[in-house]
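In the two complexes that follow, chain A is the common piece, with chain B as its partner first and chain C second.
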Partner chain A sequence: MKKRDHQESCSSSYGGGGGGGSSSNGKAAKTCWEDEQDPSGGMDELLAVLGYKVRSSDMADVALKLEQLEMVIGHEDGVSLSQLQNDTVHYNPSDLSAWVQTMLSEINTPLRDPVQSLNGGLDFSDLPDRVSSELTQTHLGFSDDSQYDLSAIPGMAAYPAPPTPPPPPQLQLAAAPNKRMKTSIGASDTNLNVTSSSSSSSSSSAVGGAPESTRPVVLVDSQEVGVRLVHTLLACAEAIQQENLKLAEVLVKHVGMLAMSQAGAMSKVATCFAEALARRIYKIYPQASLDTTSYNDILQMHFYESCPYLKFAHFTANQAILEAFTSASRVHVIDFSLKQGMQWPALMQALALRPGGPPTFRLTGIGPPQPDNTDALQQVGWKLAQLAETIGVKFEFRGYLASDLSDLEPSMLDLRPPEMEAVAVNSIFELHRLLARPGQIDKVLSSIKAMKPKIVTMVEQEANHNGPVFLDRFTEALHYYSSLFDSLEGSGPTVADHDLMMSEFYLGRQICNVVACEGPDRFERHENLAQWRSRMSSSGFAPVHLGSNAFKQASMLLALFAGGDGYRVEENNGCLMLGWHTRPLIATSAWQLAPAVVAAGAH
Partner chain B sequence: MQFTETLAPQFLTSMNSKNQLHRTRPWPGLLLPASAGPKTTTTTVMTTTFTSFGDANCMEQLLVHCANAIESNDATLAQQILWVLNNTAPPDGDSNQRLTSGFLRALIARAARNGSCKMLAAVAASNYDINIAPQLLHTHRFSIIELASFVDLTPWHRFGFTAANATILEAVEGYSVVHIVDLSSTHCMQIPTLIDAIANRSVDALPPLVKLTVAHVVEEDGQVPPPPRMLDDISYEELGLKLVSFARSRNVALKFQVVRSSYKDGFSSLIDHLRVQKLLFKENSEALVINCHMMLHYISEEAQLPTALIHDPNNLFDPSALISHRTMFLKALRGLDPTVVVLVEEDADLTASDLVARLRSAFNYLWIPYDTMETFLPKGSKQREWYEADICWKIENVIAQEGAQRVERVEPKGRWVQRMRSASFRGIGFGEEAVTEVKAMLDEHAAGWGLKKEEEDHLVLTWKGHNVVFATAWLPC
Partner chain C sequence: MTRDKEEKRRSVLFINDHADILLEILKRLDGRSLCTAACVCRLWRALATADSVWEHLCLRRIVSPPPSSPGSSVRPVVSALGGYRRLYMLCVRHLLTRLDRDPGGRWRTSSAWDELQLSLSLFCVDYYERLGGRFGDTAATSSLMFLCKPVNV
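Moving on to the complex of A and B:
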């Protein structure tokens, strides 16, 4: 099937082959091509879009270099890729600009589709004009278009429209249409490429000629595109690393094209990364604002529903808290990210049924101020209070608005002596944000110590997205989010489509932050368990072993309802990790004050 | 949850209004013991040392919510409740917690049976027992001696034995041949006492010849799980030998016969065997006693088309043609024209087709064995483990199984009385002698046990005032 699509798209209009045919955008692209078509040249343009074989001599070289690049990156020996970079780019700038136009309109299609279908109001009608307005207007068309495209990205629409970015220099180059250059050579080459790759790798099936025999060919082809996709993404990141934005731009557009021809998680994750790279290249950053915070809460709710990660986080953290509270008659949870309070009904219910009766349960929920000044925290607290009343738990709630956790002062929390009240500090996907500004994490960790918690539970992404080298971060993030998207895809039919889609937005925003942002704006600074261990240890915390009970619980709950059999719970030195197949993706750890700290506090 | 309040972007608002439709529940949160569903009064008794009224009720509500969540495939809610229950109902906790744990395991097993839980089998198969310890669901197979002493530990079975024996003894008075058909889950543990009594009654005269026919419950096709068989298969021969030699020692001649039969088809092979026996031997001097001890509830009570009518197009859609194996069995029994039928069953209703109704009913009955256990089995003892495994097997069968696999189809006394009457039996009361003997037997056990005489002199064993087991006796009309 896929192969057929591919070939069709070589020989007929592009819009039909990209899978976005139902959207008005797809039609627009089609129209665009039809408009532009002239008896000899229309086909060439199409093949150019399919890319790659525009000039067979050059592109074979590029492919080879991409292979080398992967090996280089794979070996992590930091070999300079300057040679690659110098050798690769021989595009005629004029056809580049035509490319820019067309590809940019395509890159975001997968994102745009759902948004559009939900919104129904976006107007794509001017797209063909803009695209077909040809090369003299390319610059203007590009910037409009990019802004337009980005406005479809969730969250982006929440901000005032960003100012038109300065036109990238390479787009201002002379615009001499040169369609002929990537001509029928490209056509024959592209076809040749497809057939040869299929016949060489699965000749037996190709010989048979039966309908089924095309299937292996498809796999090979799509796998190959997948590999090229990853290569191109990495090459693009490498180009950014080298500050070769011109190359990066070409490559990011190419990613968009390749992603179109892929299905499933691969396409989605590549699109997210392409978008993030594009933002970085064109310096169109999302701005953290109050709107995004609350919007992020909503996205997180969908993420909670559609996959087991957050549930795992809550269950494992609650397990540690419940066990730490065993004998306490007054307990106090300080939640660094109350959000919608999803974590607490279960704990409260478990406390209610505790042998010997429930303790008094105090919850201090911390959350960001709301843009509309509604007291979202109090609403959550009120609902929890209702639940507490029904199940007979004495409950106190305090909401604490803080746009920044480091503003938190223990003295404001009305803490009671530890012998009167057992304190748990709980942080789910929160602490890594503090790494964006120097000194913040230390301040917060010392605040935590001042709270004299019986236990500190933290859940963090199991990844290192906070390295000093952009390319390393990018590579790690690409692997990390590929696994995450893959697991979302595998969540099974029980997950509602919109939950899935919103979850992808949720992760897409993280990707965007990791890849596009820098400095204090880059707050998705995930670090792995080893890094957190050493930080926590050096800050005076000692690990608390999450018991085998917690492991069994998590395994059982996951086994019952994860919907896919790719999820794995594993134990790592007393911490619990949830992963997809062999890749751990989130980690729960529990901490207590190191004996020395406790002793010091006693003095 | 007012998402829209926090949404500035227009397209998100429209997106969100859709979500709100979907997201009718405010929270994937938990549930309210006080408000949900009717409370059953039986749980009030559970105010024992450890537990409180609130706990038992709360556990039941959580289980009900969990069952609902599993049935509606609400993974989030089901996971939350399972997490809570796992943490509050340890399998080694107090009786209430262990009871809940049994139900929890059953619910997990049920969830594991529907397709959305592929991984569970793998997890269960691995080392992590995750509270579904398979060995707990493997009931113990006793040796005869073990079983005899085990059955003696509690009036659960002894009550039926005592009441039945007194009635049988009365009914067979004067017969020179007594044919006892023992349909019992306890493998003739009742019979030695009966033989003893027959021998004692006949000191002056020649004791009657006792023919004992036992149904050996077999799996018809190897697919239906049998009820927990308490004895090893091989023990049946041994059992017969022991009974015969015991009878001989009491100067009673005993003929022992085992008939392999399945409850799945309403013991049809046993009925056939008895029909032949009746044709051959039934004379005025032979009494036919049918002793049904907690066995008939394995026969399906679900109405189905009799095999004979399946191919008859005229009867296919006639509801009156639908008949259950249970009804058919009782009719066939009546056809044997027995001298007396004794029916002893647990007094509960575990037949509701609705899972939640069944769960509530089972929860409000099966706390009793857990509660009584505290009085006669020390914590951590092997026997207690076996006893609990039997209850857990039952819970699992009631909750996790459906269709032919669900065999614990216990019905309350009222419904059995109706069934017997419509099969043309009439009830006879238990005499003073029976009552005296039962009372004497109960004196050997804990204070919570009691005896109740209900309408038409049916006897009911009670625990802390709650009906546990009933005994009824029947004659053909």
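Moving on to the complex of A and C:
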């Protein structure tokens, strides 16, 4: 078989799932490679091998019709899909002769060449002689009739299983990696884990009435598709940046299709980003409501279970707090996002085993109001109190409802003077939300200073998703979330499927916010460690170095996770960063009031 | 003749008569062997499932507890959270196998006490998670929410 270029390999690759088969074939051929179509007027060789007789010159028409079909199938509200199901004719695969008869009666274009020259190993020897002779006279070519019946397409490649099924033809296309690519790929994306293992796509051309006995026919090297996926995503973002929404629309649909043909992390990332881009194009913004915050808490719990990022955040922050509290007899922790309180059992246990006995532990938890007015904070506080009683730590809890951190007033918190109790402020993935509205972050930082904390621990995502230019944000987010999804994938079989799925939802919502929303609605305004450092320093905080204990504990924790080889703990000027392979993903830092501020406050 | 037989019978050591020796032997076993031993007979089960044996197993690698944290304060905490046997099963066991998997690894700088501390923290988190289930009954978007999973070590 003559090896064609990229175009042919793409045009013969089939999307995953039942419906996407031939449609991706034609669409791909049409939209991206129009200028590269083979000028020969002869039969397309590769398709001929599969049983289709399509003139290369007819490809454009075929592709157009398939694109129409694909738009119908892929329509979002699904109404047209059911319509399609009603209109599609399904054939009983076990009754080959009847199927052939109906095909014969429906097809009305002139007979083309007989089918005998099908190479590729299709074996008709097991079929009854009567049927095979009929088949050889059948027109099995591709009709350009606009009312073409989808079920006629499968041709002979999708024949039902005879009593002893012959082996399916295995065509290995696109084996060589050095295909001529349409667009030149610039810098290689080292951060993207493009799956290089070839993934076999689903059954060939299984559209509509394809029997379940079709077997995979085509193997496609998916590495190219992965790179193309990234490139299409970036092209779409660029189109949006240039306000070219028509082009963006086309590209985003293409991304959706390409993503279906991929497997693994890359496909999921691409799907999330494609959805976010679509939302931005069509201006369908996700509604933020109270329900979403509690739903987000649930998703975060699954994220907690499935990967070590949150655990790392909790353990390193706890270690910093513990070291700050070594001699205090009364301690007070203010948690900016209590959620389920998963951070505090470990701290309480460490305090219980502290030399000299446990201090009195006061916890103030801040959380958003719940949609059905249940006091979620109190429930968490009650559970923590139970635990504290079990391990013998004196415990007090206070919960404050605040939909926005900037609503918080230090006077509301019943703080006692620093001689009596040591205060710690803890914020895990919360401070970046304040960057959505101007002035909020400064207000909160000054509130924190007014609380006179001994230590402020914060954990934030290590990425700059808050730049002014959309395209830069998009590119950065693509790399960041690709690494994140990669690490989720790397955790492999030890993580329960539903945890993995929910974690992916959780991250998908973040992606949606970063890409699709603007203004005060965009609250996932991540900034990297350098930016936070300068902000904290200019607000009057001095950095506290996280000690070697935190590093050791974090390293041990990561060793427990499958895929622990991929996770890396790095120390960066006293801050700890957790990353996947070479890419740091979250950063823990600790701060205290700068001496000048303390002196000023004492006056 | 019968006197010879009696003498023979007396000189054979029947371990179950000497529970203290048995205990000393059990204390030196590893976790898996200890569980196997617990299946032998009722006496062995009583001895092998006693928390003191498991405490010995967990603390065995710690040459001397650091003076800052006397061993006596650890025991009540661990007992309250579910006991040393549970601690071993849930946390220590996995920690030991996973850290052993990586012999020259970066975590070797940690001491056995640090490892125990980490186990204790995870154990505590597990206890907390098992307290009264998840609270998130409000937005019951998924029935999977209410599964109380132990810590996935």
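Just so we're on the same page, the second predicted complex is superposed on the first by the 380 of 603 C-alpha atoms of A that agree within 3 Å, B and C clash if a C-alpha of one lies under 4 Å from a C-alpha of the other, contacts with A are read in each partner's own complex, and residues count from 1 in each chain.
Assume contacts are C-beta pairs under 8 Å (C-beta built on N, C-alpha and C of every residue); 3 or more make two chains touch, one makes a residue touch a chain.
Bear in mind the structure is a predicted one, so any value in this text is a computation, not a measurement.
Trainee: Are chain B and chain C a fit on chain A, or do they clash, once the structures share the same frame?
Mentor: Chain B and chain C clash in the superposed model.
Trainee: Who wins on chain A residues touched, chain B or chain C?
Mentor: If we count touched residues of chain A for both partners, the winner is B.
Trainee: Does the superposition put A:392 against chain B (first), chain C (second), both, or neither?
Mentor: So A:392 meets both chain B and chain C here.
Trainee: Applying the touch criterion given at the start, work out whether A:567 contacts chain B, chain C, both or neither, answering first, second, both or neither.
Mentor: A:567: touches chain B, not chain C.
Trainee: Going by the contact rule set out at the top, does A:577 touch chain B (first), chain C (second), both, or neither?
Mentor: neither
Trainee: Go through the superposed model and pick first if A:498 touches only chain B, second if only chain C, both, or neither.
Mentor: both
Trainee: Between chain B (first) and chain C (second), which does A:322 come into contact with in this model arrangement: first, second, both, or neither?
Mentor: first
Trainee: Applying the stated clash rule to the superposed structures, which of 97-105, 169-177 or 241-249 from chain B runs into chain C?
Mentor: 97-105
Trainee: Hey, what residues of chain A end up touching chain B and chain C alike?
Mentor: In chain A, residues 291, 294-295, 297-298, 305, 315, 340-342, 345-346, 348-350, 352-355, 370-372, 374, 376, 379, 383, 387, 390-392, 494, 496, 498, 502, 552-553, 555-557, 559-560, 564 are touched by chain B and also by chain C.
Trainee: Show which residues of chain C lie in contact with chain A when the two form their complex.
Mentor: Touching chain A: residues 68-69, 73-74, 76-77, 80-81, 94-95, 98-99, 102, 105-107, 109-110, 114-115, 117-118, 120-125, 127-129, 131-132, 134-139, 141-142, 144-145, 149, 152-153 of chain C.
Trainee: Which of the residues in chain B come into contact with chain A in the complex?
Mentor: Of all residues in chain B, those touching chain A are 1-3, 5-12, 14-16, 18-19, 22, 26-30, 32-35, 50, 54-55, 58-59, 62, 73, 75-76, 78-84, 86-89, 93-94, 108, 111-112, 116-120, 122-124, 128-132.
Trainee: If we count contacts the way the header does, which residues on chain A are in touch with chain C in the complex?
Mentor: Touching chain C from chain A are residues 291, 294-295, 297-298, 301, 305-306, 315, 340-342, 345-346, 348-350, 352-355, 357, 370-372, 374, 376, 379-380, 383-384, 386-387, 390-392, 494-496, 498-499, 502, 549, 552-553, 555-557, 559-560, 564.
Trainee: What does chain A use to touch chain B in their complex?
Mentor: Residues in contact with chain B: 115, 118-122, 154-155, 157-158, 291, 294-295, 297-298, 302, 304-305, 311, 315, 318-319, 322, 340-342, 345-346, 348-350, 352-355, 370-372, 374, 376, 379, 383, 387, 390-392, 492, 494, 496, 498, 502, 551-553, 555-565, 567.
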